[in-house]
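One structure is given below, represented as structure tokens, and several questions about it will come after.
Chain nomenclature is as follows: A, B, C, D, E and F, assigned in order of appearance, with residue numbering initiated at 1 for each chain independently.
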Amino acid sequence: MTREESYAHGFEVLKSIDGEAGERVVESLQDVNPELAHQVVAWGFGEIYSRPALQPRDRQLVTIGMLTALGGCEPQLEVHVNAALNVGLTAEEIVEAMLHSAGYCGFPRALNATFVAKKVFAERGLLPVQQS
Amino acid sequence: MTREESYAHGFEVLKSIDGEAGERVVESLQDVNPELAHQVVAWGFGEIYSRPALQPRDRQLVTIGMLTALGGCEPQLEVHVNAALNVGLTAEEIVEAMLHSAGYCGFPRALNATFVAKKVFAERGLLPVQQS
Amino acid sequence: MTREESYAHGFEVLKSIDGEAGERVVESLQDVNPELAHQVVAWGFGEIYSRPALQPRDRQLVTIGMLTALGGCEPQLEVHVNAALNVGLTAEEIVEAMLHSAGYCGFPRALNATFVAKKVFAERGLLPVQQS
Amino acid sequence: MTREESYAHGFEVLKSIDGEAGERVVESLQDVNPELAHQVVAWGFGEIYSRPALQPRDRQLVTIGMLTALGGCEPQLEVHVNAALNVGLTAEEIVEAMLHSAGYCGFPRALNATFVAKKVFAERGLLPVQQS
Amino acid sequence: MTREESYAHGFEVLKSIDGEAGERVVESLQDVNPELAHQVVAWGFGEIYSRPALQPRDRQLVTIGMLTALGGCEPQLEVHVNAALNVGLTAEEIVEAMLHSAGYCGFPRALNATFVAKKVFAERGLLPVQQS
Amino acid sequence: MTREESYAHGFEVLKSIDGEAGERVVESLQDVNPELAHQVVAWGFGEIYSRPALQPRDRQLVTIGMLTALGGCEPQLEVHVNAALNVGLTAEEIVEAMLHSAGYCGFPRALNATFVAKKVFAERGLLPVQQS
């Protein structure tokens, strides 16, 4: 694949998972760090996300765990709570993952992540979260 | 104790330490992650905070150290600077703890924590901080 | 439930997920911090892990993401790579999750986690990891 | 040197590297933690920054790496992207350092740092970043 | 004070708090980074630790919180668990602080810190920890 | 470029910077996570390290800053202290960068990094570090 083909392939994967929120991040990088935009798309999504060895919903569970644990990644968590819903995780599973995170990275990280989820759920009409 | 009694017990401890700021956090979780609210209250406060092996002021010193070091926990630090004042630490001791933190987690974390303390102290009429 | 019943319930959940590795951690705490042992078991496993809102394999995906991102949690990651295999994740899914982590927390964390997985897989006769 | 001389010396170093942004941080500490202000200036700049064993531009490369990796240090990163430009790094080198950081601390940290750089570059008329 | 006097003053403070463990760290730096040794002693202990605004035992509570939260600081935590005992904290208070840390930075950090404490307590004949 | 050509190109870059230490890391991944090995080489070195917008010595300054700040990356820091020497940084500059790091991420991280440098310098006959 050429550099342009790698980007085009990655962009399709990005759109299918992250949707418009992901596209906006990539667009906002063009005047400041276009190569970072290229690598997020062509490598992050084109090379890594497109591998079949882990299902899309499973990738989002790992990602939500990482972003919650890292802290200070609220903008990325917002993108990935949306992504998680896009690929089939339920709101209840997402907040349960955040409750689960409390034991591994503490309540402050779990709370910050949960309030990001609350914002996304409000935008998508998913509040209050349904308990199965 | 039943689940309801555990919550009620924890809520009394929460109110005595964190005051209204803690109550607001718990309330804001109800529509998105009510079990996280339950566990913060029933476990975090009812089980852990209520143990006599460490004095309330000592718990806040440890907590301020942790929240400063973790970074990205400004909302929680705001609650706990208030809590620290509620349980008897002075503004001078709190900012000295943050100065002390610079040697262990660097100036950026110490500065971010100090500006949270400044906001709380301003609300409580404690600026400028009195030097003993 | 009494305190003893909570512990007994949590211990059954712990054994079913973490196996002997988890039991050894709990045992090693008895002379230094028995209450921490109690809370890991009664709360972490009895209260949180036993909730049905997230499948055991999904909890391990989130957990592996968190432990990889936190760094410095190699002993806990060893327990949870074992746990992940115990609850049905394949070695290939586990290392794919670690490859996936590189984009979110960088190669050093991904490498450290992968070498923990390599140790566990060697002990369980799972090397070389089978590619589907 | 007396305490006052140490401060005066550090303040000259601070102004020459961080410029007005650094002065504002120091000023905002005076009513809440004046000793922290003193130590940032007299020790951080007077003792450490003024040592000749590492060039000012090299110190900013190390600093940008650290602040990007730590996360949650956006206010400090804003000061130091300005400082980096003040001591001779180009906008292109700064964003390349942030692209480089992706492999070591992941895309979220690299993105957060890049958006801070974008803000600073916009204020200084450096957008779009020129590619050599 | 001259540079030599600052060091001598800091070294007295270091010895009174950290004891031999602190001296060994300083000694081991002499051939690789003697200025770092100087600054730990003259600044960290001579300037910061010697300030009266926070009691020595309170400084160790904050320090244990920070080192537990940071992770990967086991060598420093070993020095400071010793220091905490030297300045009057009990083994029970130290492990209670580590139990308390679980809610703020998660069980893995709390466990790693507790196993460092166990090593120190074993060397000082403090196991099993006495419960008041 | 084909996948094989990307790898071959990246491997040349890896060898020129990291030397044998880098090769050993890649080799040790082959039975557990060969795709991670491929991506470290083909992407990390072939795509990112080979870009001319930042000099090799500057990349190592940023990298040492990041690895010091992250903590728990001692194996990677060992590789990159070697790499830093390979691309022209002096031992004195490396330890000065670590002293500089103390103000941004605290003494514990600075100390852990310095002791890794000490190990590498001992192996390469660079102790005691020469002061210019």
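List of remarks:
Convention: a contact is a pair of C-beta atoms (placed from the backbone, for glycine too) under 8 Å apart; a residue touches a chain by one contact, two chains touch by 3 or more.
Because the structure is a prediction, the values reported are computed rather than measured.
Looking at chain C and chain D, the chains that touch each of them are A, B, E, F.
Counted as hops between touching chains, the shortest connection from chain C to chain E is 1. For chain pairs B-F and B-E, the one joined by more C-beta pairs in contact is B-E.
For the self-contact between chain C and chain F, the two sides draw on mostly distinct residue numbers; the shared fraction is below half. Matching the C-alpha atoms of chain A with those of chain F calls for a turn of 180 degrees, to the nearest 5. Comparing the CA-atom centres of all chains against that of chain E, the greatest distance is found for A. As a whole-number value, the distance joining the C-alpha centres of chain A and chain D reads 30 Å. Rounded to whole angstrom units, the spacing between the C-alpha centres of chain A and chain E is 39.
Listed for chain E are residues 35, 39, 43-44, 48, 51, 66-67, 70-72, 96, 99, 102-109, each touching two or more other chains.
If the chains shown are joined wherever they touch, the resulting network links each chain directly to all the rest.
Taken in their complex, chain E has these residues touching chain F: 25, 28-33, 35-36, 39-40, 44, 66-67, 70-73, 75-76. Per the touch definition, chain F reaches chain A in the complex via residues 35, 39, 43, 47-48, 51. Contact residues of chain E toward chain B in the complex are 43-44, 48-49, 51-54, 58-59, 61-70, 92-93, 96-97, 99-105, 131-132. Listed in rising order, the residues of chain A touching chain E in the complex are 102-109. Those residues of chain F lying in contact with chain E across their complex are 71-72, 95-96, 98-99, 102, 106-112, 114-115, 117-118, 121, 127-129.
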